[in-house]
Structure formats: C-alpha cells, structure tokens
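Pasting in a structure now, in structure tokens, and then I'll have a few things to ask.
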Amino acid sequence: MAMKAIDPQYTADTKYALEVRNVDIYYSAFRAVKNCSFGMERNKITALIGPSGCGKSTVLRSLNRMNDLIAGARTEGEVLYRGQNLYDPDIDAVQVRRSIGMVFQKANPFPKSIYDNIAYGPRVNGWKGSKAEMDELVERALRGAVLWDEVKDDLKKSGLAISGGQQQRLCIARALAVEPEVILMDEPCSALDPISTLKIEELMFELRQRYSIVIVTHNMQQAARASDNTVFFLMDKEDRAGQIVEYGPTEQIFQSPKDERTEQYISGRFG
Amino acid sequence: MSAEPLTPLSASTGRLPQGEEVKQNVASRQQRGKLWQASLLFSVFVGLLVLLLLAWNIVNDAFGGIAVQEAVEVEALTGGRELEELAQPELVAILEENLRSRVLRNLNREQPLAERDAENLIEVILFEIIKPEVVATFSLYDYLFNRAEIEAQLAQDFPRAELEFKSWLRWDFIVNPMSSNPIFAGVRTALLGTLWLLVLTILISFPLGLGAAIYLEEYQSDKIFDERKPVGRFFNRVIERSTSIISTNIYNLSGVPSIIYGMLGLAIFVRALEAFTSGSFFGANEGTTANGRTIISAALTMSLLVLPVVIISSQEAIKAVPSTLRQASLGLGATKWQTIWKIVLPNALPGILTGTILAISRAIGETAPLIVVGASTFIVTDPTSIFSKFTVLPIQIYNWTSRPQDEFRAIAAAAIITLLILLLSLNATAILLRNYLRSRRVS
Amino acid sequence: MADQLRVNSDPRAALAGDAVKQVDLRKRPRIGETIIQTILYACGFISIFTTIGIVYVLGQESLRFFASDEVSLVEFFTNTVWQPVIGEFGILPLVNSTMMVTIIALMVAIPLGLAMAIYMAEYASERVRAFLKPVIELLAGIPTVVYGFFALTFVTPWLREIFGRDVVQIYNVMSAGLVVGILITPIIATLSEDALSAVPSGLRQASLGLGATKWETAIRVVVPAAFSGIVAASIVAMSRAIGETMVVALAAGASPQFTFNPFLPAETMTGHIARISGGDLSYQTIDYNSIFAIGLVLFFMTLTLNIVSRMIVRRFREVYE
C-alpha cells in the first residue's frame, strides 16, 4: 500500500523538493484553483505571485495540507514530496507538516516566552536531549533566523512583547527548530516595515542553502530580487478559478515574459 | 522510503526523530490524541447522560403505581352499583345511614343535603365515608418491571388494597388547590402565584432595565447639565463618575447569590415598607395575616434580582444595532431621543424582549429568595391582588420534596413537570416573539 | 403666477433671499430630552441603590447581632459550634460545609466542564456544536430546586447503594456537592468555550504547521492561551456554588456540624439562612439577626470571587488587543 504511493521515478536527486501535478482545489462547490502543475526546486526560492484572490494562499496551504483545517476544502490531483503523493489516503498530515513547515502572513507567536516558542516544536515532536542541548537548539534556531543578537538577553520575555518584525523572525526561527525540509511562507513581510522586510529577505537567502522555500508575495520587487523561480497565477474570468499563466526562472519571467498578461501584471498594468 | 538524511543544522545534536522513527513517533502521538479525544467525547456523553437521568428520575416519580385501600368499599355501600348511577335521594340516604349525627349536622348546616346536587354528594361520600387511602406508592420503574414483587408484597401487607396505574400529573392536579392529603393536592394556588409573580416582575423590571440599558449605551457620554457653567460641569462630572460605577456595579450584582436578594427583600420590602407592601396604606387590607409577605414584595425582590441580567442583555441588543443607522437618523436632524425611539429601539426590540423573557424565566424557577421573603407553604386561597399572600411552584416543589412520604415526592415530581412545561413555553414564546418581530421588520 | 415664475427663473434672487434669513444654530434647551435623560439615569441608578441596600441591610442587622451580649466577633469567626439555642454562634461549621460542597462541586465541574469546552471548541463540527450548545443551555436553565429533587431522590439513594446505608446518611454533603457540581458544569463549559474560541486561529495553525497533533495543539497552545479565561470561569462557578441554596437545603441536611466527612449531614451557610428564614421568624430576635451576619460573610465571599474573576478576564483580553 505504502509502496504504491511512491513515484517510481523518484530518486534522491530529483530536481524538485515539491511538485504539484494537476491540482484542483475546491471550497465546497467553488473551485478556487484549477489545473495547477509546477515544481519547486531544491534549495531554491520559488515565488508565487498574482493578483489578490487568485488562489496563491490556497495553493500554498495545499502544499502541507493546511487546507485540511478548513471545513469543506478539498484538493484533487497530486502534490509530490519525496516521491509520495501528500494526498494519498495513507499519508498523515502531521508528518507532512513536520517536514514542510509554514510561516504565516501575520506573525503568530504563542503567548509563551521566546524560548518556549522555539522549544515548542521540538518538544511536541519527540525531542530527546538535555536542557543544555535544548538551549543550544534554541540558540541555533534564533541565530538561523538572525534574531539571536536582539533577544539573547531576554529569552524569558513573552513572544508577544517584541516588535512585529522580530515576531515574524521568531516565527521563522520556530519553524526552523523542527528542521523541516521545505518552508512555506505566505506574505511574510506584508505587515513589516522596509528594514524588517530586508532582514527577512536576507534571511531567506541564507536559509536557501539548507531549505527549499516557497513564498507568496504581492511585492513585485521582492519577487524579483529574492526568488529564483516565479509562478504567476491569474483568475480565469469565466469561472473565477485561479490558474497558472506562466512559470519559470525569475529572471526570465521578469525580463522576457512569454505571456502578455504576465508582462502587464509585472509592469503594474492590472491586478 | 529510504530518503537521504535531512541536512541537520549541525551534526552533533540532531536529536529529533529521523526517518522511520518519525513515523512511529507521529503514529503514537496520533494515537494518544485519539484516546484523549475519546475521553473528551466521553465527558460530553456524561453531561447528556445526567440530563437523561434527571428527566427519567422525574418521570419515574411523577407516574407509577399506587395501592388504594378504601375504608368502605363502594360495592358494599351501594349494593354493587357505581356511585354515578345513583339518584340524588339515594345518595342522601347513603350519607344519612353511614355518618354519625354530629357530622351530618355539620354538613347540613353548610348546605342542607337535600339541596345539594349529585356531584357534590358523591364528593362528600368519597371524602367522608369511602376515604380512599393510598397505602403504598410505587415508581414507574417498579410498577412496570417489578410487578410481581409488588403484588406479592401488597397481598401480604394490604390484602384489600388495589394496585392501579397513577399519573400524578393530571388535570385535577393543575386545578385543585393545596391539600394536606397528597391524593387531592393540586398546584392551582402555586401556579396562579407564579403567574402573578411573572407578570408583575416583567412589568417592574422591563421598563427599569430597558431605561438603564438605554442610558448606559446611548447617553453615557452626554451631558445633562450646562457645560458652560461651573455648577453644571460639576454635576456632569458627578454623573459621569457614577455612570462608570453603575456599569461595574451591574456586573457585580449579577454575581450576588439569589438568597442575598431575598434577605434584602425581607428587610426592605417586607419589613421596612410593610405599610405599602401589605396594602394597608392603600386601604386594601385583605384581612389575611400576610403582613408584608405579599406578592408585591416578592415581585419587587425578584425584579431587583433579574434587573442586572435584563440590563446586560438589553445592552447587548442595543449594541447590536448598527451605528450607521443612528448616524443616518441624526444626520437628518433628529434629536437623540427621536433617534432612539424611532430607530434604535424598534431594531433592538426583538433582542431585548428575548433577553428579558429568558432572564425572567430564570427567576421564575428561583426558590431561595422567596423562602426568605416569606412565601407561604400552605395556603388554599387564590391570590386576588398584589397584596395577597402567595405561594409559587418552586416553593411547593421544595416543600413537597422535603417531606419523607413517597406520595409527596410523587406530587413534587408532577409539580416539577408543570414548572418545566411553564418554563419551556416561556422560552418558546420568547423565540417565537423574536422571530415574529424580526420577520415584521424585514417585510 | 407670473411673479412666481419670475422668482423661480432667477436663481440669484432665491439665493439672496435665503442669505437674508437668519439661521440660529445656538444651543436651545430641550426640556423633553433632558427629562428623558434624567429618568433613564435614574433607572441605572437603581443598581447602585440595590448595592447600597444590600450592604446596609446586611451590615445593620449584623451590627445588631454583634452588639448583643451573646456573641463577639472573635467567637463568631473561631467557634466551631453553631447552636443558637444554647447561645453558640460560631460560623466555622457553616463555612466548612459550604467549602466542602464547593470543593466537591468543583472537582466534578472543572474536569467535566473543561472537557466539554475543549471538545466543543476544538473538535466538534458545526452540526454537533449546534446540538450541544442548546443542551448545555438546557442544563443551565433548569431551576435549582429541581436539582435539589434530583440530589435527594436519585443521587443520595445511589450513593447509599454504593457505599452502604450505614456509611452514607440520608442527608449528606457528598450528594449535595455532586449535584451542585452538575449545576455549575454548564457555567464552566460555556465560559471556557468562549475563552478557547477567542484564541486566535493563527496560533492553532502555527502549532499544526510545526507538526503538532490536534490534541497537542489544543492542550499545549490553546488551553494555555485561554488559561486565564478558564480560571475566571472556574471562579465564577465557584462563587455560584458557594451561593447555591436549594440543592444544599434539600440534600445536605439541617444540622450545623463541624465535620470533614462528606457522608454526614452538615448545614451550609445558605442552607441555614433558608431554613431559619423559612420558619416562623420573629424580627428583633438574635436568630433573625444572625442570618444577616451569615449573609454578610456570604456576600463578601462571592463578591471577592466575582471581582477577582473580572480582573482576570480583563487582563486576559489585553493580551490579544
């Protein structure tokens, strides 16, 4: 049974960390996304762009089965990770999320101390180790999210008692602490000031060496400067379902788009 | 799935489960989650079970079997005929034969036997001669499932008694007045008392509660006195302070135990204001020994008790009226009160009424404050005015429950069903009223 | 006719006419509005009168009570015997049995109510919730005297069946406590559910996104985040249990006893007030005054609990706003 779920073509050095094949996503009867296929390369940053309501968040959430939490949401098609279809009935959503982490649009630290925010993930996931080792893990995660220097003296402070940008980096650090392979980010900078945004973009470049990153963004410059590949979504005017217009290396999408709608969107003429 | 290892942050202390381990770890955690979920569900079922037990317990007592033993059997009295078949003179004859002369004289003094109708005579015969007595009472469960045992027991203890099915809740029970004999006792007096109390409490608490709610929601920040004069400013300040005190105070009052309200009512309405609440000030003395322990005292006490809840729920309803409506009205040059009267209240009314009725139906089930205020436990006269002595259903239930005899327990259960039906219909009224008012506003 | 036409046809003339008319925008006294506002204010002020009334009535009668030669304040709070007939007025036995009932009730209601709340907030589907909410409201809406009937005619016989008739008395604290527990469970369930539902869903998503299971999320993120709300709910429920009268009046017995054995009868504060005032009570006796002294203690106990719970709730709200 489990064998069937594994894609025979999968090998350790398949190009994609995650691959979406012919995915349709429904909210009850409404098809929000249709016929969606693309791959997210290993150790690269993939940006999902498109006008509001075209289904970017919906697709992103389908990548680690966060859509399961929405009553009536349903995904058809395949999302492949390590050769397995995440939507195979055998697959456990908790295991999926353990390997594919997520950072949300609005920073959502737990109302616990900074330290406990980070330690939470490892603790629930069966971490075994001493207090000192946990300290070390917390430090590494915070360093990984370039937050360590700002909070190292205040690890006992509530996660809610730091600035918005710091909170968002705390959320990233928290995601790092469970050592995921892929990190999904839904407009992580939309509520942040330019400096915090820049910090997070730099951070993403750092993280790219260890993780594969998928990011949804409304900010064209951000997509252009901080991603390797770009997927452009647009809503079909007839059935209001989002679909992919174009996808490829960011450079190509931004400099010589093949589709004229992409061109228009990027140059700010609609959307 | 022999995947290549994830690139750990550092090789030395990667203590998170890896590979196959993850699967086991997650599976066991999921299982633990399922177990806990099951135990949560179990708690919910316990709650439901309690509700069912409560209902069953009441039904079990309100219906069941009784063993009736008559002092004289009807057949022996009439020669095998039913009492209802006899003509009036025959009934008189039976009475004259079987009663002692002193009793007969008393009866004749009330109303000569010859002048009484058959129905009345049968009643007298039942009460004075046949004297049906319940010698044993059985719960519904025993009556249905332990029949053989019961009958054996009865045959031994009361050979003449007959086992019959008994619904303690029946029409007679609703319309009969109190009686010290549970067979004849009814809740008529208590039911009337409860209805009086209900109406009076609504009449008192609804306008007061609504007024307070309107003030707190709409006028909080409005100045009554002229701000341009120092005296006006001073009084406005005082009112502003007291308003904020009122708000917190209302919440605190809603948490005061109901029995404390009873003590307040006892000291203020029953004792201090006795001249008014007993009606003597108004010349409406009933000639009873009610003192201040009258319906009006109880209603005033209950009104104070429900007032905080009425205010809070009315506030919620007023808050729910969109402020755009208010602005539209004010923008057309309406005064504040016009806006409230014509726009806010009609829109908030369904919510206000529902909240008030629900609050008051809570109060109708309250017993403790009325015990303290001094509801009578035994009266047979119907209340006729707000200055009457009174009793209410919960008081009767309390009183009957605390008696040790099974029959009283049975009529307590029947009274509980009456009370619950009353409460349910009140709630249903509230809901229907709300729906009706809502639908009228839309069309 | 012709005049009118001419006026209408010259817009400047109309404007000039309006400008000449004086519009007085100054404040006018609106007597009607002021009266209405004053009346409404008076309605609100009744609540203050009520509070003053309670404090005054309880305080005054208590003063009379303590002014009499038979009791002193110290005796009142330290004596472990309450027997007005022989002049013993120690409130401890009454307080003690009230606290026993309350503790038993909370031991029933906190696990049960909290479990219901977590189930409803975190697991139940919309349909199940739409069924459970009215059921819980139904439980909360049943008059307490009915619960008293249940305690005396169902729970007590059942306890005596289990533990033996010689161990469990007909009137006992345990039965009253268990049933008061059932009675306050809906309070804990609904208030805690409100607190749990108020936890932002972002926290749940964050936790699930880290690979936590639903249960781990509920118990390690949502419940701690709503903890103060849950504590406040329990305190409100506790205050209700302390002030509950009918169940204890019917099931706990009518003799003030200082005992820790929950299977023995022991009268609570409320039960005592109800019994004494339900009898033929003559005013100006020490019995009459004594129930007001008990009432005063009861009032301050519940008031303190209510104020504390509101403080906790307020602090809780600040976290997310």
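Each chain gets a letter, A, B and C, in the order it is written, and its residues are counted from 1.
In the analysis below, a residue touches a chain if its C-beta (ideal position, glycine included) is under 8 Å from a C-beta of that chain, and two chains touch if they have at least 3 such contacts.
By chain, UniProt protein names: B = Phosphate transport system permease protein PstA; C = Phosphate transport system permease protein.
Nothing here was measured: the structure is a model prediction, and the numbers come from that model.
Colleague: From the Cα centroids, identify the chain that ends up most central relative to all protein Cα atoms.
Modeller: Looking at where each chain's C-alpha mean falls, the closest to the middle is C.
Colleague: More C-beta pairs touching across which pair, A-C or B-C?
Modeller: Answer by contact count: B-C.
Colleague: Could you pull out the chain whose C-alpha mean position is farthest off from that of subunit C?
Modeller: A
Colleague: Just how far, in Å, is the C-alpha centre of subunit B from the one of subunit A?
Modeller: Comparing mean C-alpha positions, subunit B is 57 Å from subunit A.
Colleague: How many angstrom between the C-alpha centroids of subunit C and subunit A?
Modeller: Their C-alpha centroids are separated by 47 Å.
Colleague: As a quick test, compute the distance in whole Å between the mean CA positions of subunit B and subunit C.
Modeller: Inter-chain centre distance comes to 18 Å.
Colleague: Can you list the subunit A residues in contact with two or more other chains?
Modeller: 94-95, 98-99, 124-125, 178
Colleague: For subunit B, give me the residues that contact two or more of the other chains.
Modeller: 26, 29-30
Colleague: Touching at least two other chains at once: which residues of subunit C meet that condition?
Modeller: As it turns out, subunit C has residues touching two or more other chains at 211, 213, 216.
Colleague: Quick check on the complex: what are the subunit C residues that touch subunit B?
Modeller: 30, 32-34, 36-48, 50-51, 53-54, 57-58, 61, 111-112, 115-116, 118-120, 123, 132, 135-136, 138-139, 141-150, 152-154, 182, 185, 189, 211, 213-216, 219, 236, 239-240, 242-246, 249-250, 270, 273-274, 277-278, 283, 291-292, 295, 298-299, 302-303, 305-307, 310
Colleague: Mind listing the subunit B positions that touch subunit C in their complex?
Modeller: 26, 29-30, 32-33, 36-37, 39-44, 46-48, 50-51, 53-54, 57-58, 61, 207-212, 214-216, 219, 222, 224, 239, 242-243, 245-246, 248-253, 255-264, 266-268, 271, 304, 307-308, 311, 335-337, 361-362, 364-368, 371-372, 374, 377, 394, 397-398, 401-402, 409, 412-413, 416, 419-420, 423, 427
Colleague: State the interface residues of subunit C toward subunit A in the complex, per the touch definition above.
Modeller: It is residues 125-126, 200, 202-213, 216, 220-221, 224-225, 319 of subunit C that touch subunit A.
Colleague: Spell out the part of subunit A that touches subunit C in their complex, as residue ranges.
Modeller: Checking each residue of subunit A against subunit C gives 64, 66, 69, 71, 94-95, 97-99, 101-102, 104, 106, 108-112, 120-121, 123-125, 160, 171, 174-175, 178.
Colleague: List the residues on subunit A that touch subunit B in their complex, please.
Modeller: 2, 6, 12, 82-84, 92, 94-95, 98-99, 122, 124-129, 133, 136-137, 140-141, 144, 176, 178-179, 181, 210
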